[in-house]
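Once you scroll down, you'll see the structures, which are given as structure tokens.
Below are two complexes that have chain A in common, paired first with chain B and then with chain C.
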Partner chain A sequence: MVIDPLVSSLRIAGSGLQSQSARLRIVAENIANAQSTGSAAGSDPYARKTITFESALDRASGENLVAVKSVGVDATPFRTEHLPGNPAADDKGDVKLPNVDLLFEMADMREANRSYEANLQVVKQSREMISQTIDLLRT
Partner chain B sequence: MQPLALFSLASQNASWLSTRQATIANNVANANTPGYRAADVQPFSAVLSHLNLPMATTSAGHIQPASFGGGKVNVKTADSWDVLYSGNSVDLEQEMMKAGDVNRAHALNVNITRSFHQMLMNAVKS
Partner chain C sequence: MIGALLPLAASAVQTLTTSPAAPATTASGASFSDIMAQASGDALKTLKTAEASSMTGLEGNANVQQVVENVMSAERTLQTTLAIRDKAVAAWQQISQTAI
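Entry: the complex of A and B
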């Protein structure tokens, strides 16, 4: 099946928008849980999530879409703070806090934002090209 | 060259431009995919000079290959403005410039087709 390249470019950019918003969702989860400690004494807190993408071939149309490859867990060690009054503190009074660094999350958010904008730009231009071609019929 | 060949030239160019736009969309969508290499299509002059002979279909099961423009070539690493540590060679600024180029060329192509069509209609009507 041969699909018009302009239509397929809309679909490809759409898959890009989808994966970048999945990335923004992960960033939001990380930021929201930046202070989430474990429930029991001495237990592990929220672990930062990571996301990777892969290029996925859509066999029906031959388009090279982008998809989320995996959502992983960041393996960097947790921060510890001495907070004896915290319910999650161990017998020495240390609390494990999540390995979320807000600076990283902000940088990640900006990058996702930038890629999302670029995909939107492609959608805009493809639509413009399609409507230019349709306008040919109106003259 | 017959003057009416302009229509076939314009439609060939439009098809090349839309293939290029799809390639750019692909690059932008994969801007954060590790190991992805940016791609581009052959220049239009290469498409024009290449004799585009269709393959003979001698049986109902034979499939015609997509006319042209399916010939994507990978951009050499040196041609890309930026290669990331993850092996990704997509540079968003470069892709935006290419997309702007394609858009402008497509507007030109459409307007040429329109004015040629008008010329033809004027000749037919008067």
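Entry: the complex of A and C
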């Protein structure tokens, strides 16, 4: 079966849209949990999540789609703050806070946004080219 | 919705192609009308997928991207079917208006 390259590019851009939305989801989790401490005294707080992508070959059509490779955990050390009144404070009164840096998350969010827009532009363009071709029948 | 419209267009194409082109069986065995019937069947399937996925999308149980992709492919299929039907009708009219 021959697949129209324009239709293929629609599908590929669609996979890009899905990956970028998954990335934005991870950013949202990180930002929302930027202050989440552990539940027990001295326990670890929320660890920042990372996301990686990989190229996924669709064997039926030969399209190189993009897929989420893995959602990992950032290994950078946690911040500590001296807050003796906090339920998660250890015996010295130190509380471990998540290793989420809002500046990084903002940059990541902006990059996801730009990449999403680029994929949308591909969808728009190939859709326009397809309908222009179909319009040839209508002269 | 759109799915209700397409059977009309598809059956128009099918009746058009079966009546004048029935004896014109190609060398490969499949006649033009067979090919058209299969194509319109595929088109119907695309439209039904789009409708099902737009329903799950309305309920909030599907990816927005997936729903949009399916609906766009249905739109494309419908436009192609309509354009081909118009061409077939025009051809049929030209044949019927031929002076004998």
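FYI, the second predicted complex is superposed on the first by the 139 of 139 C-alpha atoms of A that agree within 3 Å, B and C clash if a C-alpha of one lies under 4 Å from a C-alpha of the other, contacts with A are read in each partner's own complex, and residues count from 1 in each chain.
The definition used in the following text is that contacts are C-beta pairs under 8 Å (C-beta built on N, C-alpha and C of every residue); 3 or more make two chains touch, one makes a residue touch a chain.
The structure displayed is predicted, hence computed values, not measured ones.
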Exercise. Could you classify chain B and chain C on chain A, in the superposed arrangement, as clash or fit?
Key: fit
Exercise. Determine, for the superposed model, which of the two partners chain B and chain C contacts more residues of chain A.
Key: B
Quiz item: When the two structures are overlaid on chain A, which partner does A:131 contact: first (chain B), second (chain C), both, or neither?
Solution: second
Quiz item: Can A:12 be said to touch chain B (first), chain C (second), both, or neither?
Solution: first
Quiz item: With the two structures laid over each other on chain A, which partner does A:32 touch: chain B (first), chain C (second), both, or neither?
Solution: neither
Quiz item: Of the partners chain B and chain C, which touch A:21 in the superposed model: first, second, both, neither?
Solution: second
Self-check item: Which of chain B and chain C A:122 touches, first, second, both or neither
Solution: first
Exercise. Go through the superposed model and pick first if A:52 touches only chain B, second if only chain C, both, or neither.
Key: first
Quiz item: If you stack the two complexes on chain A, which partner ends up touching A:65: first (chain B), second (chain C), both, or neither?
Solution: first
Quiz item: Closest Cα approach between chain B and chain C after superposing, in Å?
Solution: 11
Quiz item: Which chain A residues come up in both lists, the one for chain B and the one for chain C?
Solution: 10, 135
Quiz prompt | chain B - residues contacting chain A, complex | solution = 14-15, 17-19, 21-22, 24-26, 28-34, 36, 66, 69, 92, 95-96, 99-100, 102-103, 106-107, 110, 113-114, 117-118
Quiz item: What residues on chain C touch chain A, complex-wise?
Solution: 63, 65-66, 69, 72-73, 76, 79-80, 83-84, 86-87
Quiz prompt | chain C-facing residues of chain A, complex | solution = 7, 10-11, 14, 17-18, 21, 127, 130-131, 134-135, 137-138
Quiz prompt | chain A residues within the chain B interface of the complex | solution = 2, 4-6, 8-10, 12-13, 15-16, 19-20, 23, 52-55, 63-66, 111, 114-115, 118-119, 121-122, 125-126, 128-129, 132-133, 135-136, 139
